[in-house]
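We just call them A, B, C and D in the order they show up, numbering each chain from 1.
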Amino acid sequence: MLIAAVLGWRTDVTWTASLPIYLAVAPLSTHLDALSSIFIGLLAVITISISTFSPGYLQHHNQETNWNCYWIELFLFIIGMMGVILAANALSFMIFWETMALSSAFLIVTDLSSYESRKAAFIYLGATRIATALLMTGFLWMHSLCNSWNFAQWHFVAGSTTVPALLILIAFCIKGGIWPFHVWLPYAHPAAPSPVSALMSGVMIKVALYALIRVLVMGGLCSVNLSCLMLALGVISAFWGVLGALMQHDLKTLLAYHSIENVGLILIAISLALISNLLHLPVVAGMCLAAAIFHCVNHGLFKSLLFLGAGTVDTRAHSRDLELLGGLAKSMPWTFLFFVIGSAAICALPPLNGFNSKWLVYQGLVQIAFNSHSLWIAGVAVVCVGLLALVSGMAMYCFTKAIGIAFLGRPRSQRAQHATEGDRGMLTAQALLAICCIFLGVCAPAALAVIQPVCSTAFTNAANLSLVYTIPMGVFALIIALLTIVIYWSWLSDRNGSVKHYITWECGFGSLTKRMQATATGFAENVAYTFAPLWQYHTESNIAGRDRRHFPDDISVEIHASMLLESRVYGPAVQLVRWLGEHVVLLQTGSVHLYLTYFLLTLVALMVIGVLI
Amino acid sequence: MTLILKYALFILCLALLPFLTIGWLRKIKALLQGRIGAPIVQPFFEFIKLLRKSQKVSETTTWIFRTAAALNAATMLLAAFLVPWLSFKPNFGGDDLFFLLYLLALPRFMTILSGLDAGSPFGAFGSSREAYLAMLVEPAMFISLVALSLLSRTTSLSAIFDLSHRCSLYELPVWLAGALALFLASIVDLSRMPIDDPSTHLELTMVHEAMTIENSGKNLALVEWSYFLKIVVLYGLTAQCLLHSLTYACHFSQLIAGVLSIALLFALAAVTAIVESVSVKLRWRAAPDFIAYALTASLFAMAGALIGGIYVTHNL
Amino acid sequence: MSLTIYEVVSLLSAVIAVLMLGSKSLPLQVSLFSVQIWLITGETVFFAYQYNHWEFYGVALILFLQRAVFVPLFLERILREIHVSRDPGMILPAPLTMHLSILFFGLSFFVAQNFPAPGPGGIVVATATASISHLFSGIVMMLTRRLALSQIIGFLTIENGVYLFALTQTNGLPVLIEMAVLFDILGAVMIGGVLVFGIKRSFEHIDVSQLKDLKH
Amino acid sequence: MYAIKDARLAGTFVVLGAWIQLLSLICVTFPLFTFGAKTIFVCADFFLTPFDAAFVVLTSAVAACAFTHGHIFFEGELVGSDPPTSANVRVNYACAMFFVLAMYGVYFCKNLGYLWVCVESTTLLSAPLVYFSRTRHALEATWKYLIICSVGISFALLGTLFIFASAQHGAVSGGTLRVTELIEAASKLDPKLLRFGFIFCFLGYGTKCGMFPLHSWLPDAHSEAPAPSSALLSGSLLNCALFAIFQIGQIVSASGNRLSSEFTLWSGTVTVIAASLFLIRQHALKRLFAYSSIENVGVMLVAIGLNSGWLFFLQALNHSIAKVSLFLLSGNIVQATGSKSLSDQSGLMASAPVWAVLLALSVFAGTGAPPFGTFLSEWLILMRAADLHYYVNVVLLIIGVSLSFIAVCMHVGKVIFGTRNPHLQCFRPLASSAIPALLVVCSLFLGLALGPLMWPLMWGSSSDPRGNNVTWRLDGENWQ
């Protein structure tokens, strides 16, 4: 696959299946070019890492499961994603798209016995089917407009293509987990086994965005409303995702919500590319597209790194609940190191890869602000900068929480106390991804050089990225590293016994118990309080005892948070359908007389129609 | 010749100003409170003293705690070399504003983690609050700096803060509002009053101090030093904004500009001292309201920059 | 207006069909049914005589044997076997069903008016009305009676209507088809009877309105 | 068959007979598909066009599969608890044979009268199949099936008579029921009578094929019949009734009356929606699949309404393949768990992985998920509808199809997943999953290699049609 990626970057390759294989009205054909090769490369790297990770993970997994099925489904899943990336026409796309969806749905239920995973799979299946239905509609529509199934011949320039474009956009948003279609994501990703969630979160939702770029952006979509809609959705999901992540205390759910945030970022970048193209700023457009693609790759890397880390924790500490973890840094140092690298990358801290793509997004925004002559566009761009800053601040909050509560401090439970380091395969996989993160962080120009041709094909005279990106990241990284080492060795390191070990300071109150540490809930309470209305967040504290002011006997705090979107929108919709179903079956009472009555009524109706027509 | 002089001068300032500024700040506070107070160079002595002391480290901690101080110091040093916080700071390039803002986020990340590392409740309080404040204050920082960058259509700080072009009428409000926003934001970021009272030692209320409660000896020295550096960098940047708004009135030679920028730095420190002695610490829940002022100021700056820009383009 | 023999006979049998709805006891229904058959057969014979369709004598014969001889005997036998003489009540009271079917009589008249002018065979509104109303009363019978047997009778009534239509509205189907149809219906009745036995055996009654286990 | 006293032996004979039949039919109809031969002519009333031949081959293929699997199935029944009498099994075989013959008849007849006779006799001959297990439920199902279908069918006869009458009025002296003659003289048929004829036939044959308000007998019959018989009912009988509707629709639309196509189109759409709603709340596996058959019938009705026979055939083909495999598998599962209800059948993946995988694949094949054949045929139908500007129907269809997919997946998912089922003992798990496996492979093949297979039939040329701007050859339907 890597070879294919490299190959594709050099030259465009088109392959059409030979005659016996033919999808009735369109051939099964694939097309490999610079864009697809980048994603193939990402897929390849992550596939390699998870396949080294899986064996170690599977050993500690539930016994009910059938591993041959697991591997087969995984294979199908990867094939499906590859196919979607390579598909050259709508029908091939649909084939692989559905293969991807169904196989991943099965992968979610790898643990056959658990009810949650089944529920998650059903929710996911429903969501993805709705996406497919929208896609079908959009594709058929486009076909009747363009009279071709080839993506290459689809042009979204005419006004008549707005609605199909919207349908396709929504479909990809559902698959990509954009707000408000993200509901399936926080269920599906945690329920799946960690390698799978790494693959889903790392690649699958990127594949949806890839399809967005492939079909809409490459199709030259130029509808102002759609672009603005994308921007709005992107901003909301970036914010909502990180907020949700802050509210979560299950490690994998937290990561899942963060995927929503990053997908939102990517969508923002894509929409900026479209908008700046509409503003006749091809340079900026190219930059934003590059940002989108680059962030896809980066997020793929560090998110799967984090998921693998979470998986290691899950298998070795037998819990994903932050409140039960703690002090793992001691028992699993390497996992800890990789997790810190991943978190730093996702918080976009230099000199890691997350920063570079985010920097490109910021640059795109300010460039639009600089060059647009409309006050409003510029204003919106700058405000977006502020929002992104807020989001990245929240991201840091969230990941310091994750690391601090899970890995630092002292174990909060027996499980955490007896945790052990993951085996070699697991660590190798994470190491590989971590190295990729650092490499892409330090050697951004190389990555940008790979992305360059895509932007050039998408927008004529797009930016020359090597000129845009001017930060000598490598040098700075080197300086910081050297300075740190120097300072550390000159003062902090424990040479002449200048370091005395001692217990944590406790005001001389008496030794600290592990329950005196901060909880994840408490750590994130500030944000929860600030954005309480959005999550219906409220606490019920109950302090009882004779002298409850000074010597309370027992203190209990209950926290309630619910998602309006689920409770007010999707829930009722599902209920409605179910209600319909339950009342339709009442027609079928089993009485033959009633059935004959139906017959009679139909007969009369038809006769009347026959007479009247 | 002048180049070498410039470098020497800058290194000198970098070495001295952090200690002097904080010393000066404390001195003013003492005077306002009717005490004589320690000499201005006192912080420097304390720094040396701490460097000589050995450090106590909790067994709970990991390498994060051990290396955080060093990494912070290194990063702050790099930042101090890149951010144009003095008019005569030689230009080393690579001073993109987003890069620098995220570079400043790196030590924050490490500090928060080191606060959590010992597993002590106080450190956790501090870290949580620090993260919260940072989250709230970053939009203000970003927007104000972007607003300034709108004036010179570039994101390179040294270009933005280039004194060679004088500030026109429509740029004046932008610079002022920007200065205000930056100042307020820095107050929060440096966790000074009225957000946090660095001189109190009630763990439950502290932010920065609580976070670094476990540090001692050499470790503490480095933490303190990087904190001092942060003060001068942020206040220096604010001072530069003020300096620019002054250029509306008259044009400065390099010398005066340099002197002014240091003077303004001290002035800001003095203002901080006054604020800290006349105001009381805000309730924690009220902190966002305070930060809202910073955000509003930055938005003003943005609006000014945009409208002014339109105005200019139409007049051209 | 003067009524042709066809009209008189068809209307008569239609009326009988309506009357069948009114009758409560099965044997009465069966005998009414056979009267119907007599009428229809007679009509067929007349038709054959009038147009010299010799083969229709054969049709008439088979029809007669089948419905006027075999079916009644068959039904009688079933009745004897399973000792059900009275209908265990019906979904709607008998008079009401009669009125209902009269209503449908009207509807069928309304429909019949839409049929085009008579062809050589002499389509007349009355005959069309009669045959269609047969259908309706058949269905009404099927869906108001609880007994399995009454449903069979209703079905046969429908078939009578269809046959009547074939006879009067078209001047004669191809005889082969006619025969095939007749035999098919015979088969239907046979199987129906077998099933009635089955129902009796496993439910101790032939009240089909209680067969309600399979639902949803 | 009944003469052979040993049920097992009889079964063997039936199986052999079925396969021989299939092979011979393929050999006979071979020229139609390849050398462009127009018809296999028996007499004016009986002949085969390639279109009919395709259906005949499909029917006999379904029969062969059903019988082959049935052989194993009935063995399982005979060894299982409360086994049926050997007599029942043999009666079943005998009726099944004649039933299949009657279905061939439906496709052979080019005379509406004989068509009617054949359809009616399919009802009569399949009633014993439903009655197989002699239980109360079976009896109830059979009674409903017989009564409702017979009534419906008698109306179809009336409709046929109307058409005959309409032919008598000016078109053909003395009237005719031959489809070809009717189509030739279509323009001269008396419109009013023709309209009523169509309405009655539609009603009658609609009852037989399980159109929405008249479908009520279908779930009972399909769920109560033994698995192979329900496979036959669902996989081939429905096609017969639909074929009849198609024939009459041809005549009506030849007379330039759009009524028929509109009727069929809309009833199809309504059926799809209704069936998908019915699917949401189900408790028994076979009833579930029965409703999904209804949904597919709706899709086929739409294809007929679009006047394109070959789409109808494609859908029928794919549906038959998937549904046969589904019913056979459900038969296995019901046999193994000894219960019809979904709640007792969970944990299949853990207990019988082969069946579970096959079940999942067949469900995807049956509910129109790519890369299986049904997806493509549905896609083509939607495409055609969109080209003819029936946008509302397209949208409704997509909604219905997706809804039914979700519903079926939910229910089947409950069966497949879950912890190991203690009281589930499989009877010859591998042998009993051979035929379903074969069918799934066929469906996959159709999904991926449909084009070349269909060009000779659809476009009369074995070259790449280049999308959809091509004239289709047969039955006067073509892409405008």
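To be clear about the criterion, contacts are C-beta pairs under 8 Å (C-beta built on N, C-alpha and C of every residue); 3 or more make two chains touch, one makes a residue touch a chain.
The shown structure was predicted, so the numbers you read here are calculated from the model rather than taken from an experiment.
Undergrad: Using the mean of all protein Cα atoms as the middle point, what chain has its own Cα mean nearest that point?
TA: That would be A.
Undergrad: Averaging only over C-alpha atoms, locate the centres of chain A and chain C and give their separation in whole Å.
TA: 70
Undergrad: Mind checking the centre-to-centre distance between chain B and chain D? Centres are C-alpha means, answer in whole Å.
TA: That gives a centre separation of 78 Å.
Undergrad: Which integer distance in Å separates the CA centroid of chain C from that of chain D?
TA: 32
Undergrad: With chain centres taken as the means of their Cα atoms, state the distance from chain A to chain D in Å.
TA: Computed value for the inter-centroid distance: 44 Å.
Undergrad: Going by the contact rule already set, what residues in chain B reach two or more other chains?
TA: none
Undergrad: On chain C, where are the residues touching two or more other chains?
TA: Chain C, residues with two or more chain partners: 111, 114, 139, 142, 208, 211, 213-214, 216.
Undergrad: At least two other chains touched by the same residue of chain D: list those residues.
TA: Each of 140, 143-144, 147, 151, 155, 196, 219, 281 in chain D touches at least two other chains.
Undergrad: Which word fits how the chains touch one another: line, ring, star, complete or other?
TA: If you draw each chain as a dot and join those that touch, the picture is no line, ring, star or complete graph.
Undergrad: Please list, in label order, each pair of chains that touches.
TA: A-B, A-C, A-D, C-D
Undergrad: Can you list the chain C residues touching chain A in their complex?
TA: Touch residues, chain C against chain A: 91, 107, 110-111, 114, 139-140, 142-144, 208-209, 211-216.
Undergrad: Give the list of chain C residues in touch with chain D in this complex.
TA: The touching residues are 111, 114-116, 119-121, 123, 135, 139, 142, 148, 151, 155, 158-159, 161-162, 165-166, 169-171, 173-174, 176-177, 180-181, 184, 187-188, 191-192, 195, 198-199, 202-203, 208, 211, 213-214, 216.
Undergrad: Which residues of chain D touch chain A once you look at their complex with the stated criterion?
TA: Answer in residue numbers: 140, 143-144, 147-148, 151-152, 155, 195-196, 199, 202-203, 207, 213-214, 216-217, 219, 259, 274, 277-281, 347, 349-350, 353, 357, 360, 364, 369-371, 375-376, 379-380, 382-383, 386-387, 394-395, 398-399, 401-403, 405-407, 409-410, 413-414, 417-420, 447-452, 454, 464-465, 467-469.
Undergrad: What residues of chain A sit close enough to touch chain B in their complex?
TA: Interface residues on chain A, with respect to chain B: 326-327, 329-330, 333, 336, 340, 344, 347-350, 355, 358-359, 362-363, 366, 369-370, 373, 375, 378-379, 382-383, 385-390, 392-394, 396-397, 400-401, 403-405, 407-410, 470-472, 475-476, 479-480, 483-485, 487-488, 491-492, 497-507, 512, 514, 516-518, 522-527, 529-530.
Undergrad: Looking at the complex, which residues from chain A come into contact with chain D?
TA: 19-28, 64, 66, 69, 91, 94-95, 97-99, 102, 106, 109, 112-113, 118, 121-122, 125-126, 129-130, 132-133, 136-137, 140-141, 143-144, 147-149, 577-578, 580-582, 584-585, 587-588, 590, 592, 594-596, 598-599, 601-603, 606-607, 609-610, 613
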